[in-house]
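Pasting in a structure now, in structure tokens, and then I'll have a few things to ask.
In order of appearance the chains are A, B, C and D, and numbering begins at 1 in each one.
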Amino acid sequence: MKTDPRAVLLIQCPDRPGLVAAISSFLFAHGANITDLDQHSTDAEPGAYFMRLELQTGGLDVTLDRLRELFELQVARPYAMQWRLDLCSERKKVAVLVSRHDHALLELLWQFQRGDLAADLSLVISNHPDLRAAVEGFGVRFEHVPNDRSQRPQAEARMLELLADADVVVLARYMQIVSEDFAARFQNRLINIHHSFLPAFVGADPYRQAFERGVKIVGATAHYVTAELDAGPIIEQDVARVSHRHAVEDLKALGRDLERRVLARAVRWHCEDRVIVHGNKTVVFA
Amino acid sequence: MKTDPRAVLLIQCPDRPGLVAAISSFLFAHGANITDLDQHSTDAEPGAYFMRLELQTGGLDVTLDRLRELFELQVARPYAMQWRLDLCSERKKVAVLVSRHDHALLELLWQFQRGDLAADLSLVISNHPDLRAAVEGFGVRFEHVPNDRSQRPQAEARMLELLADADVVVLARYMQIVSEDFAARFQNRLINIHHSFLPAFVGADPYRQAFERGVKIVGATAHYVTAELDAGPIIEQDVARVSHRHAVEDLKALGRDLERRVLARAVRWHCEDRVIVHGNKTVVFA
Amino acid sequence: MKTDPRAVLLIQCPDRPGLVAAISSFLFAHGANITDLDQHSTDAEPGAYFMRLELQTGGLDVTLDRLRELFELQVARPYAMQWRLDLCSERKKVAVLVSRHDHALLELLWQFQRGDLAADLSLVISNHPDLRAAVEGFGVRFEHVPNDRSQRPQAEARMLELLADADVVVLARYMQIVSEDFAARFQNRLINIHHSFLPAFVGADPYRQAFERGVKIVGATAHYVTAELDAGPIIEQDVARVSHRHAVEDLKALGRDLERRVLARAVRWHCEDRVIVHGNKTVVFA
Amino acid sequence: MKTDPRAVLLIQCPDRPGLVAAISSFLFAHGANITDLDQHSTDAEPGAYFMRLELQTGGLDVTLDRLRELFELQVARPYAMQWRLDLCSERKKVAVLVSRHDHALLELLWQFQRGDLAADLSLVISNHPDLRAAVEGFGVRFEHVPNDRSQRPQAEARMLELLADADVVVLARYMQIVSEDFAARFQNRLINIHHSFLPAFVGADPYRQAFERGVKIVGATAHYVTAELDAGPIIEQDVARVSHRHAVEDLKALGRDLERRVLARAVRWHCEDRVIVHGNKTVVFA
């Protein structure tokens, strides 16, 4: 039973005059009241157009499925749109992959528990057994799937079974490489937190790299995972000032705070349908 | 002769279903292509609706004046809108009032000179003669109008003559109180920079107040001036971290940098028609 | 048995020439190696001097108690110092008072569990029973002490019994006023988190006050509690940008993140002997 | 005639017990009153020690030159120190190299004019004639020295003549590569502003690189120039949030503000003897 009549319409198409009129007139004609609207068009030629609408669906004159059919025929096709329309009450299923560092995971569990994350966090998979008690304490299923270079195919096969239902998979400091196939299976639905201000300090031990370069600011980056390591579309970043007084361990401690905040924001925005991937970049209607 | 075909439409009205459709359909029908759109509606009941549109007017099927007439009749009245539609090429005339501190004024002159401020900065009035050379060096008119408690009415009368043409008046560290009448003459067009994070430290010498309170962050606030001192609608604020190491003079030096940035942003947003005043608050489509 | 040979020496005295030489020569003569040193002197006349030293005590030629006696006689008295010298291994006992909001408390429990908080978080007292399971899940004692205006004396008497051992008491969104007597019992050891950028928005419901004032930045403030509400020495503050899009509930959600970070920093600094109170201000050697 | 009796002592040496006592006792014995002290020691083994002291020299019992001799013999040699002791009244001579972008240069000129920069900005050299009037308007000498790949040796030879007196050379958006020899001539005295958050986006057109990577934060970096492009010791960095709404031109405009603030801070700190270079990193006692 759905009690929340809100829906989100996400649109991506070539920019053309009349788009707003076509979309908003269609919705108004069918009783879908717009409560929030955000849009963006790129300066490039030919321009790309992006739109996010929040609708009240309580007054619809047709079913939601019928509205989707009509929208496809009357609006989406003429304007060559990629689009989707989802009820907010159909919450996304989030699964988290983690190794031993618990900070980013705990932040997600906590926000989920408090109701700050509009999604169902239903599964945590780890290549280590350590965090079982912490996860199960939140009433969330925990699965231990050992993984390393030697057993990656079997590990990923097992994880894919477990993730069959997942709408989005979050790498919350998961210290294993995922294969290209795995990444491709969750295209634009696989979110990683990298513990540096990308594209600086790609690869391993970025806090040590940052320490050795002597930067005065460190950062964290949440991004969609693609075949190329640490090079996928960036969703969110944040930074903190540091100085010569910060040893590597201090950077890691500061970084933990950055990582969990940045990842939590990225996951929340994804789950609220606020992120559109365009090439290797994102449009975030936050 | 206008070479820039862009215009901005600003709207404020009670929130009702169909607003976006009505506005966008009207514009599309007359060949006004929407290139940017931002909107906001308050959660309160009854809701208030705010919209800012950037339009290309090159393809209009009527004159801009006729478009305004038609919009008033067909869209604005039915929805009880307050609105205005202005060509970007009709730049606002900005006048600055200043005393002896030059930092906020110089930032504005600099941005104006570089073309970063989409407005005409055509007049600076000061109650001191000190800054004449600096201002005239930018090719901007400077008028010295002595002012203090004893001669306020005469001073303001003289300034009102000088400001007859001004679209917006900026108090860039103008150390004289302005009368209620003066403020009322420029309602929502008189911008002040207050050197604190309002509503903390209202009144005189806010950096000393901040020092004595021992705050760890100082700020600056740009706001529209109303009859009540330092209590008008806030346009923009920014802050900087401080510590026990900062003496009052250090806070002032840090504050100069905050003040000029905050004021420059507020003035730019106002001049680009990005600010709507609603009650004692602002909606800023930045 | 102490395994950590580090100690912290905190000093506060009138500023006079020769202070650094007197202190460092004394310590060197007794084999106390300085590993960190921070100092501050105020510009005011007569100046006040503050110093924080970290020492290695492994090479001392006398016991720590004897070092204290000699320091008092030979250095502290001649320079009229207030001072203390504590081993880092003697961790402070932290007790937390909380009502129903768990975010600030959980952050402290979490940092404590991870070892990021150099202190023993040994007791949580709440005027509501709700958080018992969450607290006990961390292996920390939870006591429910009902409290409201009508039963404050009894409640505080009971809490004082429970807090007999506490070195520092943290109000982590404790929604009851504490009496002047209670505050005086824990002078400079009672830390509160106020959910605004003090001194703006003193008192109840500061996020609503901030919303109504239309500020563009909200904040949180950790301070020592004194007899005057929300007016004690500020230890730490932080802020986040907001806009017209943020409803009161959004400010509260943002604020939760600010509150827990600001309070956790303040508690950590206090527990690491990094904060010296001077008048109504703090010197924080962070 | 010197009226400012303050001096700064900068020290760098291997970390050893007794350093603070040796230095402070020596100074106290000769009547040099310490008014500010900052120090740092690295965690690495063997540790490196850094110290910055501000002294009042009005009560010295010997001349400053004699104090230097005695310090070298009695303190610096036994502890293997690199050090220098300079009167604050002997202001550093700053020369600026610039091409056509004026923002970073103007900020320096402005701070110099206002007295916020404790140095003498005495010379601006440009490979373009455009900024002559702006520079001379501040009463500062301007020299046009054409420079490009084909005439670099002659250009640098001419600049070295002009810079014979300069204590520090600032590249304020100087769009020419400097030779290794030139960089070596001004080792740890040649400051560049790079318009990105290094080490991200090394090389040309970093704002375009940032735009194409889709970062959510852009930055600027002030660093000492070494033989390797954009890889020298970082003095200061700062950042600003951006989004999909920022085109390359918007990033450049935002960046101008970052660049001038970051460069101005780095130059001020250098001129106040607050920066010590250690390997490829800096210790900044700001």
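Heads up, the rule we're going with is that contacts are C-beta pairs under 8 Å (C-beta built on N, C-alpha and C of every residue); 3 or more make two chains touch, one makes a residue touch a chain.
Protein identities per chain, from UniProt: A, B, C, D = Formyltetrahydrofolate deformylase.
Please read all numbers here as calculations on a predicted model, not as lab measurements.
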Which of B-D and B-C has more C-beta contact pairs: B-C
Computed distance of Cα centres, chain D from chain B, in Å: 37
Computed distance of Cα centres, chain C from chain B, in Å: 42
Set of chain D residues in contact with two or more other chains: none
Pairwise touch network: line, ring, star, complete, or other: complete
Chain C - residues contacting chain D, complex: 17-21, 24-25, 27-29, 33-39, 41, 59
Complex contacts: residues of chain A adjacent to chain D: 40, 43, 50, 197-201, 213-217, 219, 233-239, 243-245, 247, 280-284
In the complex, chain D residues that touch chain B: 103, 106, 110, 114, 116, 137, 253, 257, 261
